[in-house]
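Following are the structures in question.
One chain, chain A, appears in both complexes that follow, with chain B as partner in the first and chain C in the second.
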Partner chain A sequence: MTRYIVRRLLQTVVTAIFVTVIVFSLARLTGDPTLLILPTEATEADRTFFRRQLGLDRSLPEQYLTFLGNALRGDLGVSFRYREPALDLVLSRLPATLELAAASMALAVIVALPIGILAAIRRGSYLDVGTRWFATLGQSTPTFWLGLVLMLIFAVRLGWLPSSGRGGIEYLILPAVTLGWYSAAAIARLTRSSMLEMMQNDFIRFERLAGLPERVIVLKHALKNAAIPIITYMALQFGVLLSGAVVTEQVFAWPGLGQVVVEAINTRDYPVIQAAVLVTAFLFLLINLAVDLLYSWLDPRIRY
Partner chain B sequence: MRSLLGATFAALSLIIAGSIAAHAASDPRHAVVAIGIDITTADPHKISGGGEYMFFSNVFEGLYGHDLDGNQVPQLAVSHEVSEDGLVYTFRLRENVKFHNGDPVTAEDVRFSWQRSNDPEIKNPRASIVTKNIEDVEVVDDHTVRLHLAKPDAALLENLGEFFYIVPAKYAQEVGNEEFGRKPVGTGPYKFVSRSIKENIELEAFEEHWGRVPQVDRLTLRIVPDSQTRVAMLQTGEADIAINIPPHVAQSIEASPDTKMVVSPSFQNIFIVLNMRAPHGQFAPTEVRQALNYAVDKQAMIDKLMFGYATQSTGPCNKAVIGCDIDREPYPYDPEKARAMLEEAGFDFDRTYQAFGLAPGRAAQSKEVLEAVAFYLNQVGVKTEIEFLEYGTWLARLGAKEFDKFDLHWQNWTDYNRDPMGRLPRNIRTDGYYSWSSYPDLDPMIDEADAIIDPKQREEHLRKIFTRLYDDPPWIILWTTDNTDAARENVEWKPRHGISWPVFWQLSKK
Partner chain C sequence: MAEPILEVQSLCTHLPTKRGLVRAVDGVSFSVRPGEIVGVVGESGCGKSTLCFSLVRLLPDTAQHSGRILFRGEDLLAKSREEMRAIRGKDITMVLQNPMTALDPVYTVGNQLREILRFNADMTPGERTRRAIEMLRQVHIPSPEERLENYPHQMSGGMKQRVLTAMATGLKPGLLLADEPTTALDVTIQEQILGLFAEIRDRLGTAIILVTHDLGVVRRLCDRVLIMYAGRIIETGETEAIFQEPQHPYTRALLASIPKMGEERTRLQAIAGQIPDLTGLPPGCSFEPRCPRAMEICRTTYPPAFARGPGREARCWLHEEAGAT
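Up next is the complex of A and B:
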């Protein structure tokens, strides 16, 4: 097990280095940052001066090696725009995004698992039809639209919840529902189909014949076995939530990573783009690792 | 399961009740302003974009500045004298003015601020506008300071307000550059309290200000990128003022009894640049460019696309800009005349002309405006193919000036104040960074403009340039847009005329 974890962590590092190459090159494809940092009155001499100050006058491989060397020491450069260390900027925004993503995921699971399970065991019922409708509608509703509609209803019309910003739990509800909506729909659908498949299995029939209570069969045996695809999907969804947060954060002025990334891309703030993508990639890799470890708990046949 | 649901419901009800109470609380001594973009720095010598002034024009001051009507007025100075050659400006400083930390403002601070804004370590992106041209700042006595210029700069006073902020020498040296950026100290009506990037900026009234003590004690600038969300905040009462409301949303603001639009003239101008230097030469004749100005129904576009929040213009400048009030009327809409003029000039109607514009999101209706122009041009037989670019790419293409590839493009021109010399050299002078035109006779006139010290004479000189740019236009002149902000009904607030970034010391709540 320990060897496995060490091996996976090493893989994570290799993947991360690979990610740095891609991110570094992609960021530079966006164009010359001095155009956006300097006012439009700036002269070519001003721009040259700035490029030299930012180290952008050196060759790309040289820039990359400097970046990598610094990155290994935990220094991801200074934001062109905010002139603050890029990593600090990203890490200071990360809790807000994680809070939002976790709340959305929790909401999605609380809603989706029960309705997915119920739809599966009451196949063909109104609940099942309703679940399928929810799955289709939920997955096809654009986030920015849903966010604005929820805001109009619950903040502007009813005045129950604040329209935007981050504060107490009341500020979290609308963005979490907006962001979690898609995942809830997707997880409900997947739970339903996995459970349906599982319920057809011979061992479930045997258990029924053996007279085990239905609750135990469904929750303990069927669900645990149906859980692997659901958990895999949830882990992937967490990545989607982190990136999906970009739109939700924009709509609800949620001070998270998404807003910083969008602005960094728009203003060609290379160090911030790099830091944000690296941190997100690391998170994603760690979540994947955690899920892989979870498999062996769910299915004792899986051994590392 | 049932008990869990019950508990969740009870918790939600509590939260909801709590938040309603929070909304109902409306403190007349605290105002919340929703703004679209965050500042990138709180250091007044590191300003790079116009959006930054939402903060700086409330917290810092220069020797001269602007009043609410956009007039140039002394701020930290009380008067000035200019030498005959226009190279020496002597300022008498206002007495008993204090920085937010209590230090008095002296001539030494002016000298230090000049040195600091030219310091290579600061990397001041705007040093070239004012401070780089200052050769020396001489301290005559505690309250007299003399600026020695490298070359005459008639726009100096107009630019002192936003491009040469005065900071406290003692404090800035004590804390160092980084700390100063974290805890900035100025002389403005509001003092800095705290800041959370992309979230909010907290300001507090500076009670000891020399003349502009705010009526509201606490001011929160909330950063809310989405304009619809800014409107929602205004409607729920979470914000007292929402800055920069796109014209198409204005109707819902006007329709509500609790909110109102606050409209003021801006220095932003919209026009379509015609590539005079295209190798095919189709836009070279003056008559062709005049004809295209007749081809476009500007008033219809203002009514339908800008919802009335713009004014037809005779050039890319607000009438209040020095020299812009020329003796001309906006080109009327006359498609027949346009077609006839084009035919007479032998215009090539078979060619498809390449146009590019700015993608939606940054300037009001930028996409719709270029599409409408393309429609009107098509009406007189000028075929165009249009594409839209995100801001950075658009800007890069403006500067790349590939004269053989693109024939016309959407452009905007925002003067920072009443002086047009921030823009003329960049957009019109043949070698200007964004210039797609060529007027060999105007180039020397543009160069001379900053050397004319007599204001009347200079105004007349600039008027000649703008008149020429109307008669022989390098663009299709569209309009000057309005600043469209919104406020709660109980808020009294008059924005500054012409200047896009608002000041809030005169804001009050009932």
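Up next is the complex of A and C:
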């Protein structure tokens, strides 16, 4: 087990290095940062001086190696714009995004699991048809549109909830529903199909023959057997939530990582872009590692 | 003679499908006495399994039943869902064909044994554990205390079938349904499991309905045999009588298809043709298209059951002169 964790952590580092290559290159495709950071009337000499200061005059491989070397020591550079360590900037915004993503995930699971299970055991019922509609609609609704519609109804027309910003739980509801909507639909759909598949098993039949109540058969036996695909999918959805947060945070002016990323891309603030993407990627990798470790608890046939 | 524990009267189980109504069980009547082992024999698709699942009412809600299933004098077809659940697992139990997939892979054997006790008997957790160990010991599983902690994948097929048998017989049921219980096992293991069934019958007085297509198993274990063809019972009788003097051409053909030791090796005697489609049975005898001795009447009229000696019946026009029962 320990050996497995160590091996997986090493793999995580390797994956993270690949991520740095991609994010480093992509950031540099956004263009020359000095065009945005310096005023338009700045002279070419000013720009050259600035580029040298930021280390942008050196060759790309050279820049990358410096970046990587620093990154391995936990130094992700200084924001061009704010003159603050990029990592600090990202980490200060991370809790807001995590809060939003966690709330969305919680909401998605609370909604999706029960309706997925019910749809499976009442296959062909109105509830099942409704669930399939929800799954299709939910997965095809654009996030920004849903966010605006919810805002229009619940904040503007009804005035029940605040339309933007971060504060108490009332501020969290609309963004969390917006962001979690897609995942709820996706998880409901997968829960339904996994449960349907599990209910076909011989052991389910045997348990009925053995006089176990249907409630126990569904919730204790079928659900635990169906849990591996569902939880794997939930972990993948967490990645969707982190990236989806970028849009949702814009719509609801939620002061999270997504806002920082968008702003950093708009201003070509390379270190901040790099730090934000790296931190997100790391989070995603860690969650997937945790899920892999969870497998052996869910299914005793899986051993590391 | 003891009162029958199970008496099935004109049971029909019809299953609506997209292709039409499947008459999987079509007017079946028989009875089983306590401690009796009754074999139900027939080809795949003849309705044997559907018959078993009808008896415990575990077919899809769309299944249509008629007739009566009297268990200890009470009609199971009139029972509510919850009443049936209480009967299953305690008074009527069942073992399935494939022991490899009949246990939940993610819980220990002990957990699953205790769970059955929890929902079918009134016991404290401590009593359940003691009883679970006792149940495993009864089916000759060595070091049962340790086995409780095993997961199904840590056991062999024969061991799992023993565990399932323990689960099915631990609460001393009146009737055990065994649906092809040895088909998926090695021959040596089959022998052990059959021995276990005989022992359970002797010790607990449990009646057993043994569904199989293996005539060797029937001869070894069953007191009486029901031969099923296309959803109907076409011949019944004591096991030896059936083997010595089969009365129905189908039974004769079934027996002829068993290769015998010491006999000159010839081609296996297969029965020509296939079992008919259960959605559209012919008006006459359903075996008529494959029957070597078919007559004109067989094509038009389904034969009633003709008595062929004590406890023996055959549905075949060849026995018409003996008179219908």
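Remarks
The rule we apply is simple: the second predicted complex is superposed on the first by the 304 of 304 C-alpha atoms of A that agree within 3 Å, B and C clash if a C-alpha of one lies under 4 Å from a C-alpha of the other, contacts with A are read in each partner's own complex, and residues count from 1 in each chain.
FYI, contacts are C-beta pairs under 8 Å (C-beta built on N, C-alpha and C of every residue); 3 or more make two chains touch, one makes a residue touch a chain.
Predicted, not measured: the structure shown is a model, and the values here were computed from it.
On the superposed chain A, the positions of chain B and chain C stay apart, so the two partners fit side by side.
Of the two partner chains, chain B is the only one that A:S163 touches; chain C does not reach it.
Of the two partner chains placed by the overlay, only chain C lies in contact with A:R205; chain B stays clear of it.
Touch criterion not met for A:G239: it reaches neither chain B nor chain C. Shared-chain residue A:K224: touches chain C; no touch with chain B. With both structures placed on the common chain, the touch criterion links A:L152 to chain B but leaves chain C unconnected.
Shared-chain residue A:L298: touches chain C; no touch with chain B.
In the superposed model, A:V216 makes contact with chain C only, not with chain B. When the two complexes are overlaid, the chain among chain B and chain C that reaches more residues of chain A is B. Following the chain A superposition, chain B and chain C show a smallest Cα-Cα distance of 22 angstrom. Chain C contributes residues 56, 58, 85-90, 93-94, 96, 98, 101-107, 115-116, 119-120, 151, 153, 164, 167-168 to its touches with chain A in the complex.
Touching chain A in their complex are the following residues of chain B: 1, 12, 15-16, 18-20, 22-23, 38, 40-41, 46, 48-50, 123, 125-126, 128-129, 181, 196-199, 222-226, 228-229, 232-233, 235-236, 238, 390-393, 395-396, 399, 422, 426, 433-434. Residues 30-32, 35-44, 46, 50, 53, 81-84, 89, 92-93, 114, 148, 151-152, 155-156, 159-166, 168-170, 173, 250-253, 255, 259-260, 263, 266-268 of chain A are the ones that touch chain B when the two sit in their complex.
Partner chain C is touched in their complex by these residues of chain A: 201-203, 205-213, 216, 221, 224-225, 298-301.
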